[in-house]
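What follows is subunit A paired twice: with subunit B in the first complex and subunit C in the second.
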Partner chain A sequence: MIHVGLQHFLVVAALLFCLGLTCVLVRRNAVAILIGIELILNAAGLNLIAFARFGGDLLSGTVFVVFLIVLAAAEAVVGLALIIAVHRRLRDIDLERSDELRG
Partner chain B sequence: MRVPLSSIDSLAYAVPELVVCGGAIGLFLLAAAARRPRSWHGWLFPLVSGGAILASLGWLVWFGLESASRPLFSADGQGLVIFSGLVACDPLAVAFRALCLLAAGAGVLLSVGSPSLPKTQRAEYHGLLLVLCAGMCLLASASHLLMIYVALETVSLCSYLLVGWDRSRSRSTEAGLKYVLYGGVASGVMLFGMSLIYGLFGSLDLQGLHQAIAGSDALATAPGRWAALLGFAFVLAGLGYKVAAVPFHMWCPDAYEGAPTPFTALLSVGPKAAGFAVLMRFFWGIFLDGPGVGAATLDADIPWPLLLGVISALTMTLGNLVAIVQDNLKRLLAYSSIAHAGYVLMGVVAGGQDGFESVALYMTVYLFMNIGAFAVVSAVDRSAGSEDIRQYSGLGSRSPWLALLLAIFLFSLTGLPPTAGFIGKLYLFAALIARGGTWYLVLALVGIVNSVISLFYYARVLKAMYLEQPALTEPVKAANAAGVLAFLMAVPTLVFGLFWQPLGVLASWSSRLLH
Partner chain C sequence: MLETNLLWLIPGLPLLGAVLSGLLGKPLQRRFGKKAISAVSVLLPWASFGVAAWCFIQLPEGGSLHDRLWTWIAIGPLEVDLAFAMDPLSAMMALAVSLVGSLIHVYSIGYMADDEGYWRYFSFLNLFMFSMLLLVLGDNLLLMFVGWEGVGLCSYLLIGFWYRDLVNARAGMKAFVVNRIGDFGFLVGLLLLFWSLGGEWMDGAYRVNGGAFSLNFRDLPDLVAAAADKQLWGVPVLTLAGIFLFIGACGKSAQIPLYVWLPDAMAGPTPVSALIHAATMVTAGVYMVARMNFLYVHSPTAMTVVALVGAVTALFAATIGVFQYDIKKVLAYSTVSQLGYMFIGVGVGAFWAGSYHLLTHAFFKACLFLCAGSVIMAMHHEQDMRKMGGLGKTMPITRWTYWYACVAISGFPIASGFFSKDEILFQAYNAGSLMVPGWIIWLLGFVAAGLTAFYMWRSYFMTFTGPAVSVGGHEPQEQRPVITVVLGALAVGAFAMSFIGIPALWLDSPPQLEHFLAPVFSAAEGLERVFAPGAGHGVEWGLMGASIGIALLGLAFAWWLYRGRKSELPARLMAAMPRAHKLVYNKYYVDEIYDTTAVRGFLGLSRLSGWFDSKVIDGLVNLCGAAARGFAWIDGAIDRYAVDGAVNGLAWLVTRAGGKLRRVQTGRLTTYLAGLVAGVLIFVILTRFLLDVYA
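Here is the complex of A and B:
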């Protein structure tokens, strides 16, 4: 029987964070980048909740995660709204193709 | 440790936030009632949002004046912790909230009659502007990691929407999309950093963190030190993104160029001022024993001033060098605003009472000159429909007043006397040189060289206005909100260049931050 401690949570969170960051840096599709951002946010949330559980100050870490979930949802809404606005115009959400602004 | 006020008692200290939130709710209700665009919408909604911003500004001025005569903040005049420790109410918060609201007021004035904003959904535009104001005010006074995150997200979410507001122009939506993607990554990374700091030191409160770091054994081991470094570096990345410091500046030129010009003017000053307030609060509040007196507690392992100094040098150099090759004036001003973030970072690097004083003073001066420059750009944009530098050729003969105003702002942005920009730079360099270390002097030298470089591209605009033959002959109308705002901003730019004493007094008052 493996005892699941703080380190296990931290390793998972670090992996999630790296996966999210890789997704953001590698993918050129706007929706995929949004998914990557979501992974990063959830990595931070997992960290917070693990520290709250194993650390001491249980309340503030837990409350932080509740705010994080709400704000992550709001960010996804705004991101998707802008993606739809771009898609209506270009019929595509590949960032390589929206390149009017450069220099 | 200061005892925080309870939430009910705190409400008396958060009047600006309450007023702008009330105004925003009112506007969203009005938006539901007035679906069809009518001609009177063009002035009613700006009137509501402008009124809320003016009322908040008035309260801040009253509060600042009152606190000089009787100790409103606390017995020692330093400040109060309100909302159970989430928000600080100190002179720095009052001053930077006023700066953010001034920038927002200018944004509202510029939006009146501007053709670059759609005629529909005006109430929503002004409502979001007020929510942005509430976010900026909270960001400038946040003293808790949770509050910093929530306020930063409020500012960011409203900014994304307002940058991409004009759906009829593909540049606007594209800028909004790029901004939301960069911003999402930056805030996610910052949040991961915050979670590490919370885990290491067990506190989210800046005051609590300060004490926890001083007495922490987490820094004694190598993994603990690395985790701390990573955490603070990630938070620095999030805050650096907000003030558009290199290497987190990529969103800035696109967002500034794509956004409707009235909003660009606000975006280039308001969130930046709030970002600098929280940057000072976060780094110096945590690491120093007191502004300008003690040694940094975490300085031995991680040389924060040096790190910020390198970022500052990179920011101004890159901003100035790339600005040289720009042909779009809005984009040119975007790179120039990146460079100015680098200059202001010099004041943050200097730290201490005089460092904060120089930051507060420079942000005030920057507000006048940068919003003024954008007001002229907006005035030209109104008649020409473009921000290309070619539209400015012969402006000196087509509309001499606008050209003169733009020339004043550009001289001030360069930092030439007798404009306020010169005084601002003087304070920054003085604060930096007073530190005395070799690399402080090197940084000051980099700043001076950069000011010279910036003269080159500002002079390019002046040359187009006064020496080139006009491509068009019709005059640019200046008798509108944009022209009025440009004039209003030119007055302090010139007056404070000659009589900077009141500005200095104000800055030295507002450089006191709660500790």
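Here is the complex of A and C:
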């Protein structure tokens, strides 16, 4: 039986973060990018809860993560609303094409 | 000294009239006619005369009335009040000015009836009354000077009243300029007094002697007495002040060498000649010398100058008067001559006699001028006596008033002129304090008296006797009552003035006017006389007889030459002495001499100044301008190339840099995200490996 310690959580969280970051950087679909952002957020949340479980104050870490989940929900609302607005305007959600703000 | 609050009304009422008819006159005249103007401008001087008479009644024996309005100027210890004072001398003057002035206002209603500028005329005339009464009643020298300048201004305005005629405008200008020369002398005298009485400049500060300083006529005698031994450039300062003040009097009262403006001043309307250039304004100089008697008694030199100039002027002007044909010119030169008598009077220390002659002259000369005006109107503005004659039959009132005024001026003992002129001549003979013997002054005046009688009767005979002339097909008419009543009133005045000056020789008491004026002229009592008071009766009788004799001689000569205008003698006499006649007829060419010397000289000087101004001063100014332009050009170049270059260069740089850097803004979200990640990575690497913040 493998003992699951802090390192495992951190490795999983780092992987999760890298997946999310890759998703954000390489995908062109706005929804996919939003998903990538959610992954990054949850990687951070996983880190927080792991540190709380293994090293520090369980209560405050838990509270942080709860806030993080709420924040992610709010962010998803705003992000999806933006994506819908972009879609209405461009009939597309490919962010490579929405470059009207270029200098 | 008695305080009152009425005196300011005496000059104030005519001022009100001047303002009313000056500001509202034109619409009033158009709306209500000339009667409205007359109502304002003629009644107010009469009201002023009423107030003057009321104040005169209240005048305490030997004292004065005083009316202080407010402090006018206050500089350090010097306080000049706007105040009026009435002492016997100014009471006499104020009464004479307001009475004669008011009468002449009435006369002007008739004389100016057809003139468009009726309101303007009365406004000026009222303004003159104000200035003259201010001059007379002003309590201090400075206020007197204000009136002095005011009458000069009104004189200028009224001489050039018909300004559309160039001759009149020039005459007004001449009067003004010549008066300004005199006024400058007055001002210098005033400042000399100020300087010598008030204090001294010591160690850079102005110190007042004893703390008392004033320009009030009441305080001046003591201050002047204290300054009697002061000297300036080795000359007693009182002599200098007296002579400079007298130069002012020469300008105003038309004495040699500044008399030339008065004959030309006849260009104005005749009532103006009567009021300003005969009865009142021109006597301002005499009044001033009499007013400053306490100064002149300290300086025999100044008194000698006054008396000699007066005597020479009296004779000189009388000789010119003999050969004039313009009736107003005759009267003008006669005025100059009579003013000379007044200056003899005040110059020899008989201040009351000079003032008395001033008073009698105001009446008979105003009467003469107004008669002349009446004649001129009847002759349809013809002033040449050679074209007149026989007017006595159709114009009896004018004739007989003129006749009486001639009696007065030539000095027959049934009119006031005799008493005043004779007193002056006797006092001249009697003078012992001058630097020349009194009889020289007397002789000049005596000869002038004979000439006066001659030329006045000559004018009378030429105008009123002989064959009748017709003007425009009909005989000249007597004037309206508004004019003849004034003539009569002035003739009566000329007669009534006799009673206040009947000499002690005829009565037991001294003349009433002398007694009345004595408090003002108390300083003159100490003057040296040839005869002690009460003595010298024989000489006085003798001189009186001689005066009557020479007046009769003048009358007889005029009668012989001009009576009835039948005689050929005048023409033959003139033909016998062509050079002398031409010289005198042309007034000794004084105007021409002044023209070639003074006027040309000044014009040359002004041309020289003009040349200097346009060439040298303008050159300097233009040089400065050019230099400034050069500097401005350099400055502009610096601005344009250096400053603007720097600013534009910076802008160019920013534009170019912006052009390059704009490529960074792709507008694609992924690029920005990549940038974000790269930035974080760089930050982490920097902080971890280079700055070592985690250590």
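One rule holds for everything that comes next: the second predicted complex is superposed on the first by the 103 of 103 C-alpha atoms of A that agree within 3 Å, B and C clash if a C-alpha of one lies under 4 Å from a C-alpha of the other, contacts with A are read in each partner's own complex, and residues count from 1 in each chain.
Keep this in mind: a residue touches a chain if its C-beta (ideal position, glycine included) is under 8 Å from a C-beta of that chain, and two chains touch if they have at least 3 such contacts.
Just so you know, these numbers come straight off a predicted model, no measurement behind them.
Using the contact criterion defined above for the overlaid structures, shared-chain residue A:73 touches neither subunit B nor subunit C, since it reaches no partner. Contacts of A:58 after superposition: neither subunit B nor subunit C is touched. After overlaying the two complexes on the shared chain, residue contacts for A:33 are found with subunit B and with subunit C alike. In the superposition on chain A, A:100 contacts both subunit B and subunit C.
After overlaying the two complexes on the shared chain, residue contacts for A:24 are found with subunit B and with subunit C alike.
Once the two structures are superposed, subunit B and subunit C can be ranked by residues of subunit A touched, with B on top. Shared-chain residue A:86: touches subunit B; no touch with subunit C. By the touch criterion stated above, A:44 is placed in contact with subunit B alone, subunit C being left untouched.
By the touch criterion stated above, A:11 is placed in contact with neither subunit B nor subunit C. Overlaid on A, the two complexes show subunit B and subunit C touching the same residues of subunit A, namely 21, 24, 33, 95, 98, 100-101, 103.
Residues 10, 13, 17, 20-21, 24, 30, 33-34, 36-37, 40-41, 43-45, 47-48, 50-51, 55-57, 60-61, 63-64, 67-68, 71, 74-75, 78-79, 81-83, 85-86, 89-90, 95, 98, 100-101, 103 of subunit A are the ones touching subunit B in the complex.
In the complex of the two chains, the subunit C residues touching subunit A come out as 661-670, 673-674, 677. Residues of subunit B touching subunit A in their complex: 145-146, 149-150, 153, 156-157, 160-161, 164, 167, 170-171, 173-178, 180-181, 184-185, 187-189, 191-192, 194-196, 198-199, 202-204, 253-254, 257-258, 325-328, 331.
Partner subunit C is touched in their complex by these residues of subunit A: 21, 24-25, 28, 33, 95-96, 98-103.
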